[in-house]
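So, here's a batch of structures to check.
Heads up, the next two complexes both have chain A, just with different partners, chain B and then chain C.
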Partner chain A sequence: MTVVHVLYGTESGNAEMVADDIAAAFGDQGYETVTAELTDVEVSDLAAMQIAVFVSSTYGEGGLPETAAPFHDALLTERPDLSGVRFAAFGLGDSIYETFNNAIETIRTALLELGAEQIGTTAKHDAASTTPATELADAWARELLTLMPA
Partner chain B sequence: MRTPAETAPNRPAAAVNGLPLQVAVIGAGPSGCYAAQALRKGQPDIEIAVFDALPTPFGLVRYGIAPDHQGAKAVSRQFERLFGQPGVAFVGNVSVGTDVSLEALLENFHAVVLATGLGTDRRLGVDQDPDARVIGAGDLIRLLNSDPDARLRHRHAGPESLGSEVVILGTGNVSADVARLLSKSDLDFIASDVDDDALRAVAPNPVRTIHILGRCEPHAAKWDASMVKELAEIVGVHLNVDGVPLLGEPTASARTTVNVRFQHVPVSVRRLDGRVRVTTRRAGDSALVDHLDADTVITAIGFDPSPAQSAQFGGVEASNVFRVGGPATGRLGNLAENRKLAADAAKGVLEFLRGQEPLHRTGLVGLRDRLPASVVSFEAWQRIDGAEVRRARPDRCRTKFTTRDELLAAAAGSGALVSIPTATPEAIDTTGEVK
Partner chain C sequence: MSLTIEEASALFPWNDEKFRADPYPAYERARAIAPVHRTTENTYVVLNHADTTHNAKLPCMRIAEPPSFATAGEHPHPWTAFDNTVLSKDAPEHTRMRRLTNRWLTPKMIGTWARLTHDFTVEALGRLAPGEVVDAHFDLGVMPTHLTMCRILDMPVGDVEGMFWALWDAMLINATAPGEGIHARSLAGMNFMFAETERYVREKQSAEEPGNGLVDELLAAHGRGELTWREVLETTVLLYMSGGPNPAYLIGAGFKLFAERPDLMAEFREKPEIREAFVNELARLNPVELIITRFPNEDIEIQDVHIPAGSCIKYPIGAANRDPAVFENPNNFDHNRPPEASRNLTFGLGTHACAGQLLARAETSVILGLIAERYSSVELAGEPLEVRTDRLVAFDKLPVRLS
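Take a look at the complex of A and B:
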């Protein structure tokens, strides 16, 4: 049975809500899911994950949210071999910032560098748009499910 | 990493005779809502009633965060989801301490969380003529956000023009919000929910000159660089920092000039020929004195942590009373900070409840006779919400009601003010787990 880990970094909680939605979408299709804030995830746990869905907002001048930064730092220091890990990426940002959705790109780049393989497209929610993040999350997760191994 | 079993509560807090634990939260702003959210994540069968003095939820997300920053207001969607759950109730239009006593809450709930925010702008505390035109940024933003209780709305002359030249004291994000709102043209408010009538009353035209004075050095300013940049990038706005244009010389003539000056410490505010004179001295050199004349002074120097708030509840110190946000820290804080504080407070509440042999408490049900008839439930709020969105002019995302009467009428909608839903005991099995 494939276990889907939904790992999020947030400051004001929107990414946590999106993570809950993505986990629910997978749960509805019979997948076992684990949702965790990135502060509670060890980099060394990553290599054993079959599917990891990363959800992160962006802060400051395109920076990672407070709860994702230590994880990213650890990734770059510990450099685990992530070949065999498949991941998906969902970003939250706001297009009033020039560094729109930069954080999920930062995470994605690090994961790819370490050999992980991305499935699906990177979602980039824009808080300035009229689409609620959860709506985009539902649609995106459904699409992602079609790409999942049977 | 932790497995789901590990992140779940060590053991469910004891339910009494199969009845769930009851927590009251006072204040439906972000602090109260984040606390309720964290309580429910930690213990899904806990029942929570969130009281607010206003007929509407979300506190300063609705009435503080700037109306042209809808992205930041979107956190309310998290709270909508919270109130959509059975066992979580919004009890709007009920002021605790006035409409219902704190004692009544303590009799009916196992724990009470005070999340009442900081309602008032901090006063300047310098030598000041009582009739000089000085207003608080919080009051102004409440007006522009259609707060029915906004002080500026209730002056007998109603909101009046701020004039063409204003001084804003303080260099935090709220100061930047005010400068931005007063310098934008009508087109810049597309898709916002700014109170157009109020805005055109206080600024019939965008304000021509805005002076922002900060006591500190530029690098110590509390605002985010992105906020200043956003202000400087508004078409028609020209922004200088200590005399130097932030984005180079403007090509077109400015509609609004914003002059930011650091290291100016206000010493007095005087009324002079119908205008206001702000006298400042240079930080570090009290001999250097400056005068600035303007039509209105707006203070954006934080919110009042004075005991007015705690006086409301007689400074209660019971072991089952918890504080979060302003009442805990004396600072209003931002969403991220308050979310963390709320998570910590929720942990404290759950630890307390798990360490108790809880008494029988019925929550809202036990209080029903004592609540005013005009309680606004979450469902009733959703009617207000829908009505505001429907009545919006095409280039606005919403047009808020600006009086309590209008809000309550919209809340009543077709039906009467509906009763408050709570989870039925059948939804909870004997182990206290939610099915």
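Take a look at the complex of A and C:
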């Protein structure tokens, strides 16, 4: 059975909520899920994950959330071979800022450089829209489920 | 139509009692003339929802007042007491200070805190004799929410009424034209809040065992040299003083609405699924802080009006919240508005949006839920008393009878 790891970096807790929503959507379809904040994830454990869903807000002036920055630093330093990893990406931001959803792009770029393969499209929730993040997370997770290996 | 500064200024009689009690007709008249008005040499008022939501959160809209706006001879401005908090900081310092509280106010944590509010409210209601008149503002609005904040911070209850009115006095200086004697009164209120809070924080600091609250986390960071004493103190005062008074106005407005509209109280009771939208609509019609003020640090244009860097822009929240271009029948309470017509600015917006808004919304929902579930009616037992400036509103007394 494929284990889906939902890994999030958050500042105000919204990415954590989205991570829970995504895990619930996968759980409803019978997948085993593990949800963890990026501070609790060792970069060396990443290569063994078959499916990892990354969720991250953008904070301050386009930066990573405080809890995601050390993970990203470790990725760039340790440079693990992620060629067996498939990942999906969900970002939260506000389109009024030029740095809209910078953080998930930063994480995505690092993962791709290290050989991981992205599945699905990168979701970018916009706080300036009227769609609640939960709603987008649910719809996006359902789309992602159709792309999962049988 | 282009008005002179004098004509535009006359549209917003900020100090007029009638205007303060009900500024909405004046906003509407002003909007009908133009969406942006220049009311002094360097002050502009923006009235539309779309212009406000777009512009007020632009990175160039600084919250810190440029020195050119300081009033000569009245130093220090009482609110410089919060110069080391999110209230006065812009990015990147704002980000650093906001991070101190973020993890205590996540959507998940709010559930824990709202359960405390529930328990404090149950206790308060348990003390009421049948038919007894209660001040819904203080006893059922300020107290349960202040007690909740005390638990988040791990601070003692303190002089709740004293702090409430000290905050009110301190806020008076933020009126557009505060008037004589207000500077001293505001400074005294600020000094009271700081003295009370510092005494408790010092006691915590010298306690043998640290507590388990947000303030203990700040003190630990101070011990590690990561925060200055002023940063610890100012952030603590900010949270300690505002945990009760700000949600209390929203809660009081809910009591008033229940008294006026028993049908809505019944709906709140019977349909828990509408409560979030209901509280949001309550917030739209009843903002506590009435004007967002920003100072662009570059020239901008809003609706073809050129606004030079360093100007003061006032965004009256009540004007945006009742913009008929967004809200049909804007003065009516309607919790069934579609999502695109329910986004209001009561809790601010952008990076400076209220850090405690999820808490305030949850507390309001919990308290009004308990009232609706336990009682069949709310009756006003006297005229509700409010205190107002053009910038702020609070209840003074809201006597009700629950049956």
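Throughout what follows, the second predicted complex is superposed on the first by the 150 of 150 C-alpha atoms of A that agree within 3 Å, B and C clash if a C-alpha of one lies under 4 Å from a C-alpha of the other, contacts with A are read in each partner's own complex, and residues count from 1 in each chain.
Methods note: contacts are C-beta pairs under 8 Å (C-beta built on N, C-alpha and C of every residue); 3 or more make two chains touch, one makes a residue touch a chain.
Being a predicted model, the structure only gives us computed values, none of them experimental.
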item	value
Fit-or-clash call for chain B and chain C when the two complexes are aligned on chain A	clash
Which superposed partner A:Ala133 touches (first chain B, second chain C, both, neither)	first
Chain B versus chain C as contact partner of A:Gly27, first or second or both or neither	neither
Contacts of A:Ile96 with chain B and chain C, given as first, second, both or neither	both
Partner chain(s) touched by A:Gly115 [first = chain B, second = chain C, both, neither]	neither
Per-residue contact with chain A, leading partner among chain C and chain B	B
Which of chain B and chain C A:Glu11 touches, first, second, both or neither	both
Which superposed partner A:Pro80 touches (first chain B, second chain C, both, neither)	neither
Set intersection of chain A contacts, chain C complex versus chain B complex	11-14, 16-17, 60-61, 66, 94, 96-97, 128, 130, 132
Chain B-touching residues of chain A, taken from the complex the two chains share	11-14, 16-17, 34, 36, 40-42, 45, 60-61, 66, 94, 96-97, 126-128, 130, 132-134
Interfacial residue positions of chain C with respect to chain A in the complex	53-54, 57-59, 91-92, 95, 98-99, 102-103, 105-109, 339-340, 342-343, 350
Partner chain C, residues of chain A touching it in the complex	10-14, 16-17, 59-61, 63, 66, 94, 96-97, 128, 130-132
Residue ranges of chain B touching chain A (in the complex, touch as defined)	1-4, 7, 34, 37, 69-72, 74-75, 77-78, 81, 191, 224-226, 230, 335-336, 339, 397
